[in-house]
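Notes for the one structure printed next.
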Amino acid sequence: MTESLIPSVGVVTEIRIDTPDVKTFRVVGRNGKKCFNHMPGQCAMLSVPGVGEAMFSITSSPTNTEFMEFSIKKCGCLTNWLHMIEKGQEILIRGPYGNHFPVERELKNKDLLFIAGGIGLAPLRSVINYVRDNREDYGKIDIVYGSRSKDDLVDYQEIINEWTADKDVSVYLTIDRDQEGWDGHVGFVPSYVKELDFDTDKTVLLCGPPVMIKFTLQGLIEMGFDKAQVYTTMELKMKCGVGKCGRCNIGSKYVCKDGPVFRCDDLEELPDEY
Amino acid sequence: MYKLPFEEINKLFEAVSLNTALYVPVKKNDTVVYEKYSENTIYAYDELNTVKSAKDFFFPQVQDIAQFKLRGKSIEIINNEEDYESFAVFGVRACDAKSFEILDKVFLAEPADPYYKERREKGVIITAACEKPDEVCFCTAFGIKPWEPSGDVSVWISGGYIYWQANTQKGLELTGKIKDIFNACEENEIEYFKAQIKNICGKLPFGNLDLKYFKETDEKDIFSSSVWDEIYKGCLGCGTCTFVCPTCQCYDIRDFDNGKTVERFRCWDSCMYSDFTKMAHGNPRKTQKERFRQRFMHKLKYFPMNNEGIYSCVGCGRCVRSCPQKLNIVKVAEAFSHD
Amino acid sequence: MQMIAEKIKEKIKELTENGKISRVMGWKKGLYGYDSEPFVFENGDLRDFTYDAFSGANLCKYMIAQSKNDGDGKILVLLKPCDTWGFELLDKEHRIKRENIYALGIPCGGMVDIEKIKKSGVKGITEISEKEDTLILKTMYGEKEVNKKDYLLDKCLVCSSKEYKDCDELFMTDLCGDTAEYDRFEEVEKLEKLSSSEKFEFWRSQLEKCIRCNACRNVCPACSCVKCVFDNDNSGVAAKANANDFEENLFHIIRAFHVCGRCVDCGECSRVCPQNIPLHLLNRKYIKDIKELYGDEDEAALLTFTTEDKEPSVVYERGKNNV
Amino acid sequence: MQRIGVFVCWCGSNIAATVDVKKVAEELKSEPGVVYSADYQYMCSENGQNLIKSAIKDYSLTGIVVCSCSPRMHEATFRKTASEAGINPYMVEIANIREQCSWIHKDMATATQKAIILGRAAVAKVNLNTPLTEGESPVVKRALVIGGGIAGIQTALDIADAGYKVDIVEKKPTIGGKMAQLDKTFPTLDCAACILTPKMVEAAQHENITLYTYSEVEEVKGYVGNFDVKIRKKARYVNENLCTGCGECTSKCPSRKGLNEFNMGLDGRGAIYIPFAQAIPNVPVIDTAQCIKFKTGKCGLCQMNCPSKAVDFSQKDEFIDEKYGAIVVATGFDIITLENYEEYGYSMYKDVVTSLEFERLMNAAGPSKGHLERPSDHKQPKTIVFVQCVGSRDTTGCGKEYCSKICCMYTAKHAMLTREKYPDTEVYVFYIDVRTPGKNFDEFYRRAVEQYGVHYIKGMVGKVYDDGQGHLMVRGSDLLANEQLTIKADMVVLAAATKADESARKLGTMLTASMDTNDFFTEAHPKLRPVESPTAGVFLSGFCQGPKDIPETVAQAGAAAAKVIGLLAKNKLKSNPCVARADSLICSGCSNCEKVCPFGAITYAETDVNDGTVREKRRVAVVNEAVCKGCGACTVACPSGAMDLKGFTNKQIFAEVDAICRQTGE
Amino acid sequence: MQTDRGVTAEKEFQPKIIAFCCNWCSYAGADLAGSGRLSYSADVKIIRVPCSCRINPMFILRAFQKGADGVILAGCHPGDCHYSTGNYFTRRRMTLLFSMLDYMGIEKERTRVEWISAAEGAKFSATMNEFAGEIKKLGRSKRLGDLRCR
């Protein structure tokens, strides 16, 4: 197998505004079919000629056979550009890159606890929907998701309409500060997780801003979880996606190739560079 | 093994270049570079090494990837049709020959890099033994034998003769095409010469560079060592060491709008540059210390960890010679060996 | 030199003990006797401190980073006469916190270019000792003696002044050697006299060697931008490599223009170029132009004007004699 | 990415006759960002503008390109149109396809092709436009006039009459300036004091004018509409509120060694003195260098004799902080010192005097009560030689290169007055050229020659020396007769060159107002804005801008006042939004931009910067948008590109260049 | 190790010329040339800048990179700058830039500065014609150009 770094053309067929700074883009190939298959947690390189290229996690589940989705937060040159496009715009895509959550091995038959903060839901959404679509292979599902405000909750409609409607799926939403029209929980994710006092036999999938990950992990350990039970995903600057361009390493591991999914005990072995 | 009077070396070049493009080290404009052979080429046999390494042949500083044409909302991809001509590089030293094996581990690892792979397959490496190693050489520390360089073909220049020995299938094929120009030669004719080089190599001041610390210490411990706090301060953050290094392989992917299309190309990058890991919202390597550390951690710890203990350094001494402020990997290794 | 180094060490000890300084930016002995490196000596530990014939590096630019933190106390920086010009520029352009620096002017009799010694055919140098002007080279292939004066750095060959600028104290500076007699514009003039296509050929053959390593820029005391235009993806000219001859030219023209009138002719750009491109000839051209067109002014040439300045067409007129 | 609408104007047949407007509209449709394109006969007409407005609404346009006439013609129109339709007026770019295309090219294909390229460049630029808003700043309704000579007084009166508060700062103890020292004025020969003193009184009594005499401007901060000025009121040692101006103190002062400045040192005065009889304010001041009390601690006669207890030796300099909307510079002039002109013997012979000294000697209020006598022996001179251009038009480096402008006329005046009062006096004038370009000037000069028989000699004076018998020998050349001549004179009068007042340079620096090499203030435009300094809110009145006679000075003073009134009449100042902006993440704080800014719009501030990698406090350039005029000089002086010009950003100009150079033959 | 992709069919050489004009004098001069129907070469395309001192050497080099064959800068006459001193800076900057280009063997005739006032429509047109003619004579800019953009 070789990797020529040459992307293929993808067409943005649908743009959903999730939050003031997050949009979800539906992408298919020119032939109307999925560009490629992937596993939950894997990433793809999206680019626009002359604007830039960057790695994004694929938010849709592999079980979706029609299209891929990317939830993208506006923060740099490329993402700003993407936020300005309209339906029908072609972009460039290559992938899939990286490893994935061990949905076929370690996660199988386990009770799963998903913890996400802000745009951190993006990579987990792929797993959540994958697990929901293969419901019998997994145990109980708990989802804790928090954001700055109600408006900043990504995929809110899907969460409300589909996830909470599922049997055996418990969704716990929280926002940082109280606001009008919100009767749910208020508070930061790490403390909410502790409040919820989950059984410690669950396998945890954790994603969010670095500070949130740090404190949630601390909380989980205090609750009696072992680091080996917790999976998370990382994000660093990437160019090639195949572990050759040399910039996304944490110690001896390349996030693009050996990650982005890491088990927290493995991560601990690596130099503290993130 | 064959031989040829050294004064007839251009005859050899002529013969090789009839079969394939041939590159030979020459002195040019106050520097030493590989130049495509022509009848005016004068082989700089007394120069130990080119200033830039030979990695360009397989991993050029700029590599075109594809072009894109934008019209309205659509993007058309135009693949670059690049002809990879076969070529031979003459006079590669043992260190650089070894560097290709290291680059192979990166670029040929799954999924392989097609540009590198193609060039690697098309290239014949003709190495030359080092008659006079320099004090900056420390290849022997990595088990490299400058008296017996690897490569598809090895040559020795000694006693007025140039000795030629094919090592690989590619080498044998080339030899087959040109062997008429050679004289016959005993296999052991250059043993004394080899021994001589080996003897000189024994005197290399850092031929036995002590890398025990890196070998034996945990990556996290080396990473957090306070030695880094001191030794990076002279570093200017330029890319000289990485660009002359035969094993540095970091690259960037960039676009250029030529007015008709957007050309995507990749080019060498350097982990010494401040924007190497810079993202829109931050940079995990904030100061030159982290960048400096990365380069040497990569060469002496991370790479060996991932590649059966092989260091990503061949001791060619280029960084020792080229660093504007005289920092280099030897000093780093030494700083830790005294720790 | 060794005597001077010892005296400097004593001076440093004295200043440290008096609490005047907390650390020292100097040179640290290298591996081969010719590769002393810029180093920050802390806690009064002067192990491996050296000041020898190879301490050519200009330390002034490190002061940008080293003087930043007020809490770190004063850093002593050792400056040769030509180093002080860059130091003064950095000070003038507010790039250093002068109050956190103790600038000590030290004597210089010209620094040696190891590459020149190597090019003369000396190989395998493992140790160097100095005796007055003689360098005793221990090599893997035997011992050799050379006269230091025959192998000076190019910048020292055209040493134009032993004047120290902006120093807090001058130390033994009466030991400075003489300035050079050599005309520093000679090479520029030679190039100016070439025909247009000869000039083009000359610069092409030089600049095509450029590997865009940025050493010239990063060492330059005038190139002290927080973020260089060539690194700024937003600038429109950012690049990591020279994709072709245009980009080679662009980089060096713009760099020369950006330091035009500010360049102190310290010669570091040429010293550090791994490809031996005579970059100083670009900057020195500007110095010559400014001298000829505008004479001596206090302000950098591009930051001021007179109403009687020459018109740009002077360039065409000047070039008329040599087409 | 923008949603751009392209509007191609026919301009009747002005454009459409040589440019295929349909093709232009069609071609530009496929440019990046363009979602709509149309052509119309007259885009600037109401219908045309309505077309643009409805397209903006219908296609949710974010930017528009109008291919039409020169932006100097209708840019403002279309900006207004855009703004009325709800998009930012600065999201409009004009492609000039009339003046630059249809009007100058005859071939349809060529012109059409060029129009397309110009349109492309405009589209490329609009793609990078960002909405810009005009800055607003309030205007302090108070003006400061620096200098209390005729220029300052006139400016202040005009502004005050318009109803605005004005402060005059004068460094001397009285207002009046140089004009107060003059005897008669040319060419009408009316008395200077008679026309000036009423104005001085009016200024003093005007309810809108505050006088700060014996005061200097210490510090100026702020910008147009909002200057903060610190004024130092020097201690006079006489309480202005208590003093009645009776003059008792001045007559009691035992020290008489002071040189009377007002009379050019031709007579003496006490240590406590009133400069001249009509001085305003009529309050004495103590010269501490001369005063016995200050030197020895003993004396105090003035204090003892003051009926109103106004003398106060403990007075200190006072500081006044005031805000102003506008500042008028009226610092006036002085005459050069003559140490470089030893050949004229000014410092050797008492009877060699400057014209200004002569002015005092002729004046009825002068040291000789108006009787012309020479300083050495108080005898009436019988032969007077006037020498013109002493230090003016001098290219040797000793004096000034410029023409002082007023000397020809006042010398003619002096000569004429002398001959009139003392017909037995022979008067010679050495001149290089006689310059009389003014109303009734040449007639005046001719009268001096023809009617009064003044001997005008074209030539230079080489030396003035003493013949040992109380005569001054003036050796010169007569260029017309081509001969050397020596005149035995009783008195020599030198028309010394004028120069900018020495306080001007310091003030210029404080105001960041640019000056020429002669320390005259530079005007914002030499032809079109002669009374404004390039620094917004700073205006120029009188001699400080360059040599002027009284009517010119008064005219300019009025003009400056009109400009100030225009400024103060506004409640808010709108500023051009196309101004420079410094990116603090990139700025190194090197000060290069500041040095090239003609308006002093750039300052530096220690600023917290955080680019995600580096967090530090750093010296960073700050542009004062109210002061910046948007020339862009700073953007090129900045090597890092931290300084950019809004509306003409580097990226926008690159995009225009790229668009123009883009290959088309595909 | 570059690849030469510059294969274009040569038609009649039509130079690309960029004229940077200051808004207050030269752009107005161009307008005057227009209203006086004083024709000049269509190869000249104008970019409007507020003042000639806005013109960064990078703009000029960029133009050559992207395929321009000549670049001319036009501004107010020295002393007449709308911003009082802008063109004095331009004068120095361009003198030095052009000198460097010349020193590097790049045809100096391809770059020029002219002072053209708002009243000099005829001068504008004549200058542009003359410059365009000169560039046409010189042919395509080869020494300073980017093959990728050809």
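When the chains are written out, they are named A, B, C, D and E in that same order, and each has its own residue count from 1.
What we mean here is this: a residue touches a chain if its C-beta (ideal position, glycine included) is under 8 Å from a C-beta of that chain, and two chains touch if they have at least 3 such contacts.
What you are looking at is a predicted structure, and each value in this text was computed from that prediction instead of being measured.
Asks: Going by the touch criterion stated earlier, list every chain that contacts subunit A and also contacts subunit C.
Replies: Chains that touch both subunit A and subunit C, as defined above, are B, D.
Asks: Find the chain most remote from subunit A, comparing centres computed as mean CA coordinates.
Replies: D
Asks: Of the chain pairs A-D and A-B, which one is connected by the greater count of C-beta contacts?
Replies: Answer to which pair has more contacts is A-B.
Asks: Quick one: report the Å distance separating subunit D from subunit E, using the average Cα coordinate of each chain.
Replies: 35
Asks: Measure off the straight-line distance from the CA centroid of subunit B to the CA centroid of subunit D, and report it in whole Å.
Replies: Whole-Å distance between the two chain centres: 67.
Asks: Whole-Å distance, subunit B centre to subunit C centre, using C-alpha means?
Replies: Centre separation, subunit B to subunit C: 30 Å.
Asks: Where in subunit A do residues touch two or more other chains at once?
Replies: Residues 77 of subunit A touch two or more partner chains.
Asks: Enumerate the residues of subunit B that touch no fewer than two other chains.
Replies: Within subunit B, residues 61-62, 70, 252, 256-257, 259-260, 269, 274, 278-281 contact more than one other chain.
Asks: For subunit C, write out the residues touching at least two other chains, lowest number first.
Replies: 229, 233-234, 236, 243, 302
Asks: Residues of subunit D touching subunit B in their complex?
Replies: Where subunit D meets subunit B, its residues are 30, 32, 612-614, 658, 661-663, 666.
Asks: In their shared complex, at which residues does subunit C touch subunit D?
Replies: Those residues of subunit C that touch subunit D are 68, 93-95, 223-229, 232, 234-236, 258-259, 299-300, 302-304.
Asks: For the complex, which residues does subunit E have touching subunit C?
Replies: Against subunit C, subunit E makes touches at 2, 57-58, 61-62, 64-65, 78-79, 85, 88-89, 91-109, 112-113, 143-148.
Asks: Where on subunit C is subunit B touching in the complex?
Replies: Touching subunit B: residues 30-32, 35-40, 42, 57, 61-62, 123-126, 139-141, 205-206, 209, 211-215, 217-219, 231, 233, 239-243, 268, 271-272, 274-276 of subunit C.
Asks: Per the contact definition, I'd like the list of subunit E residues that touch subunit D in the complex.
Replies: Those in contact with subunit D are residues 11, 16, 18, 23, 27-28, 30-31, 33-35, 37-40, 42, 45-51, 53-59, 62-63, 66-68, 79-86, 89, 93, 125, 149-150.
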